[in-house]
Amino acid sequence: MENRHEKIGLTDETVRKMYETMLLARRLDERMWLLNRSGKIPFVVSGQGQEAAQVGAAFALDRNQDYILPYYRDAAVVLAFGMTVKDLMLAAFAKAEDPNSGGRQMPGHFGQKKNRIVTGSSPVTTQVPHAVGIALAAKMDKKEYVSFVTFGEGSSNQGDFHEGANFAGVHKLPVIFLCENNQYAISVPADKQLASVKVSDRAIGYGMPGYTIDGNDPIEVYRYVQEAADRARRGEGPTLIETMMYRLTPHTSDDDDRSYREMEEVEKAKLSDPLLTFRKYVKETGVLTDEQEQQMEHAIQQIINEATDYAEQAPYPRQEQTLDFVYAEKEQGGAV
Amino acid sequence: MAVMSYIDAVTMALREEMERDQSVFILGEDVGKKGGVFKATAGLYEQFGESRVLDTPLAESAIAGVAIGAAMVGKRPVAEMQFADFIMPAVNQIISEAAKIRYRSNNDWNCPLVIRAPYGGGIHGALYHSQSVEAIFANQPGLKIVMPSTPYDVKGLLKAAIRDDDPVLFFEHKKAYRLIKGDVPEEDYELPIGKADVKRKGEDITVITYGLCVHFALQAAEKLAKDGIEAEVVDLRTVYPLDKEAIIESASKTGKVLLVTEDNKEGSIISEVAAIIAEHCLFDLDAPIQRLAGPDVPAMPYAPTMEKYFMMNPEKVEKAMRELAEF
Amino acid sequence: MENRHEKIGLTDETVRKMYETMLLARRLDERMWLLNRSGKIPFVVSGQGQEAAQVGAAFALDRNQDYILPYYRDAAVVLAFGMTVKDLMLAAFAKAEDPNSGGRQMPGHFGQKKNRIVTGSSPVTTQVPHAVGIALAAKMDKKEYVSFVTFGEGSSNQGDFHEGANFAGVHKLPVIFLCENNQYAISVPADKQLASVKVSDRAIGYGMPGYTIDGNDPIEVYRYVQEAADRARRGEGPTLIETMMYRLTPHTSDDDDRSYREMEEVEKAKLSDPLLTFRKYVKETGVLTDEQEQQMEHAIQQIINEATDYAEQAPYPRQEQTLDFVYAEKEQGGAV
Amino acid sequence: MAVMSYIDAVTMALREEMERDQSVFILGEDVGKKGGVFKATAGLYEQFGESRVLDTPLAESAIAGVAIGAAMVGKRPVAEMQFADFIMPAVNQIISEAAKIRYRSNNDWNCPLVIRAPYGGGIHGALYHSQSVEAIFANQPGLKIVMPSTPYDVKGLLKAAIRDDDPVLFFEHKKAYRLIKGDVPEEDYELPIGKADVKRKGEDITVITYGLCVHFALQAAEKLAKDGIEAEVVDLRTVYPLDKEAIIESASKTGKVLLVTEDNKEGSIISEVAAIIAEHCLFDLDAPIQRLAGPDVPAMPYAPTMEKYFMMNPEKVEKAMRELAEF
């Protein structure tokens, strides 16, 4: 197999790390389902099948300064940006220590200021204008950071996508719009969702370049996001990147996808599961040895076990904490 | 007469109205093949076909706006917002458009639209799948807001909403969907929008509420009855515009009023109910008007401890009723 | 001058009528300003400079069955669709008889069911999804009508444009989106408004054809709108047409455009005032004789005079009428 | 101390805050070169340049959403909605996002955003340029809603809003812009958000109101004073969350309360005020709590007859005050 990562300046070390992050996200996701099916956590929203794009993109960013506005499937993105498995487990168990929300939000609602992971909500696409505002602040203050925002192809039909993208285009802001096109919005297939052939067909309407690329290939995604980040830092404005992939699980743990799609379709998609194809790549290019892989799986299992135990035992928020943080704590002479 | 769940009454009303009137159609996210994320539209896609049970793109302002357009030319769209929390992108279409079409056109145009949405908490839905959003719309003349409590009321009121010549927001408590069961006649009937319903007669205190909380109040009332306290339970059913007469009548009769909502307290539906009573029957009151509501925090959290703290339940209602009775 | 209308099947008679409608709209608009400046009516919003596109489009539609959702500058569209000068004057004077709103709305908020002019509001672009809904009803009921909606280029940045256009594209609905790009949204020039070069660049994002054409040429606009209407009626879906023009007046009677644009720019634009250029066309192609023109001007003046007198003398709504028509009149057994 | 108009106090507060704090910036439609359709931002584009006085595309959800993003990373955006009526497309961003950012992130993130918007009628603005929209937002914990009545309050409260670490909706009465003049100190001062202000002391009756109606109440109070009736006029200033203490204190003192708003009556701010009083000082009341408000119709019409019928004015307030005093 051809070594494609060297050409774009990626070391074996980094590629191994990319694979590891994908694997970590996948194993964590699998564990979440087990915990859900055994009644330990009420809800799972899954990123299976989307890890390649997530990791490819996250690694192409500057993880020491860029801001990210992930959507609910982006566990791999936030893991790459410094959130820990324990953090995510604490969120899944709705425990007080959960750094995302202190147990207030459902899992998948990421947020962690120290890692510049911007707090998100459930209504889709609201994060798009936020990303634009963060990019606007960068431009105003002549800062170097880029703002990176993701969303599903269904969500690209919300008004906020249009308004945010146009704003970014007019002001040439350093923001990267990454669509994770997993071909479904819950039960609605992309062709009933999108009048355009591609989400990236919309880029021209916002005066920015638009690309549709293979979201199962982290190297490809890395390349495009890196270029977009460079453009952004050079002051040349935003980029829209659509990554094509397939949602390998039901929409969430509350969904039964058999009512609206053929299981053969899912099985077929599993043949290009990015975890399998990228595993093949790292193995065949010699980035990962069998031994390293075993160690990796082992270490990951251990991390997840520990995080699960920790989170399961951690205390819930006290009920009175419901009342905290509606407004800033009152200061003398300050407001309500 | 069959015993059925709250959500089955929704489906039944939709089916019967679609059978009765060709101009009725459904649109929303995942309402077609999947039958809705709660299954409220289950079987309708199969029965009526794709053209009358439309899976729309993920865009609530378009769902409302397209429905408004269709309604203006004689259709009777029933739009589903997947969760009441996600009605927010459609607020402009609902408040600026649907509510004002008849008035602004001097009665030339009208907008017979129903927007259904599941609201309410207690189902681990966290901040954005638990909200009560009625207060946002409950000061917009031109709109009607219906929030039924029982399967019987669901069927009769949803039919009335679909036949109504003006826009109706129809909020269904998602925890009630499968929890609440009751008798529902097979035949066709309508219940009047704009009218409250006394769900239990009583002389000692009045509880005025709506939606799932009606059941909490009824349960609590039974307990109080064992101690000789007879509570009247008034189900508002339509929370906007309010049935002033019914409110005044019951408040005047018992002189002790407890108002209950699952929503935050400040600026809620029960604030208006309190204002109506304070305006019209102040001198009939034997106790301050009590309000029992969720805490004034942005929305219901996910952790079970916090969710429980926020969520209304029969015990909280009972406690407040006893305190009022003893006043 | 080359006769261009014959080629596309337009008779002299129709072209004369088109010119007459443009002239009527212009003279009416001018009168409105006079009435405003003399303190007789509180507000004017103007269509000067946009009459060619409006008339070209309106005449290409089927004025016996199509629905129109005009925006506030579209006096020429509604005149073509059967609203009278008297109707518009009644609205300008806010009189009870105003068929648009019974004196409730500002002028420019058109609506008249008998002519299928769909009631409009002030918040821009809300009419776009309505047009889509009306087209959806046509498709459902297999009716032949088309729904036609207009909006400014600024308004094309609202979420409702995006959501409505995409919905129409997905369902291939018979709707025509016509953008009147007059190069300003109040004070904001198009290049600070739109990240794309053209509004029509957005069409591909909604799977529909998009065109940018000369909005000062009613023949050209007629041709494109007619083709779009044919497509729509053939079940081939929506079309986006952007008509280029210039707003010759301030935004409204409350605006002073000298604070944000050079008066030379306005003067220059006046050289291609569609009323002048089309007048030249009808004169040079022999569609309109000098004599006919004089008669036309005279008749128009008379119509406007009469309408003004009538509207000025007509009664205001009674104050208690404020309370009417919030809901349908109560029927027995009916709702509130 | 200079006498200036209400709108000049807006501009002054904006200018001073922008001079004081580099992180303050303005965005909105036509706020730049044109200086705003009402001229509230006149001169600021010239003084601070395009990058701090941004003309945005015509898209309110983006205006709010972009401002929220900037606020989350340390900016202090002041977004203008050209008319309060046009805030509707931004409701999702305001209610789902701005209001909930601190809470949902467990205090990790916050959103120091101000949204300014001119509201109110009496200027021939018709349905969509006359609305009072505060009630739509007045049940959303996490938000604050400020509605000043005087130039002095405008300056002090707008400064406080800009310095506040949470989102504030700042509604300015557009008829007050040039009509209302008053003393405004040149120096820097802040007024506390969340506190009502007794604009006139009195023992006989209490009028509680806000915005332009404060002036109507004050004018009426002077007339009543000639007949020996001393009215207390409480200016809410912050309409959400309400200053319960101030409301309770004045209501308890006089025992006769008139609540006034220009908004429709049902579900308005004064409904909550009535509920607070009915809950806390029922037995101090000597008269039913009176509410004086606009009629429950969708919005204020254009025709002068109808506009006058809808719009609040000193005569209407005076009449209601006299009736209450005589009760």
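A few points about this structure:
So that you can tell them apart, the chains are marked A, B, C and D in the order they are listed, and the count of residues begins at 1 in each.
Keep this in mind: contacts are C-beta pairs under 8 Å (C-beta built on N, C-alpha and C of every residue); 3 or more make two chains touch, one makes a residue touch a chain.
Quantities reported herein were computed from a predicted structural model and do not represent experimental measurements.
A count of C-beta contacts for the chain pairs A-D and A-B puts A-D on top. Chain centres computed from CA atoms place C at the largest separation from subunit A.
For the pair subunit A and subunit D, the distance between C-alpha centroids works out to 40 Å. Between subunit A and subunit B the centroid-to-centroid distance comes to 36 Å (mean Cα coordinates, whole Å).
Mean C-alpha position of subunit A lies 45 Å from that of subunit C.
Inter-chain spacing, taken between the CA centroids of subunit B and subunit D, is 30 Å. Multi-chain contact residues of subunit A (touching two or more other chains): 101, 103-105, 109, 121, 123, 157-160, 162-163, 166-167, 170, 192-194, 326. Residues of subunit D in contact with at least two other chains: 57, 59, 61-62, 85, 88-89, 92, 96, 100, 103-104, 127-128, 141-142, 241, 296-298. On the side of subunit B, the complex with subunit A involves touching residues 29-30, 32-35, 37, 55, 57-62, 85-86, 88-89, 124-129, 295-298, 301-306, 308-310.
Considering their complex, residues 61, 85, 88-89, 91-92, 95-96, 99-100, 103-104, 127-128, 135-136, 138-142, 240-242, 263-264, 266-272, 274-275, 277-280, 282-283, 285, 287-291, 296-299 of subunit B touch subunit D. Remark: subunit B residues 25, 51-52, 54, 56-57, 59, 61-62, 64-75, 77, 89, 92-93, 96-97, 100-110, 141-142, 144, 160, 164-166, 190, 192-194, 238, 241 touch subunit C in the complex. Listed in rising order, the residues of subunit C touching subunit B in the complex are 67, 98-105, 109, 111-113, 118-119, 121, 123, 126, 128-137, 139-140, 147, 159-160, 162-164, 166-167, 170-171, 324-328, 333-336. Interface of subunit C with subunit D (complex): residues 42-43, 94-96, 101, 103-106, 109, 121-124, 154-155, 157-160, 185-188, 192-194, 254-255, 259-260, 316-323, 326.
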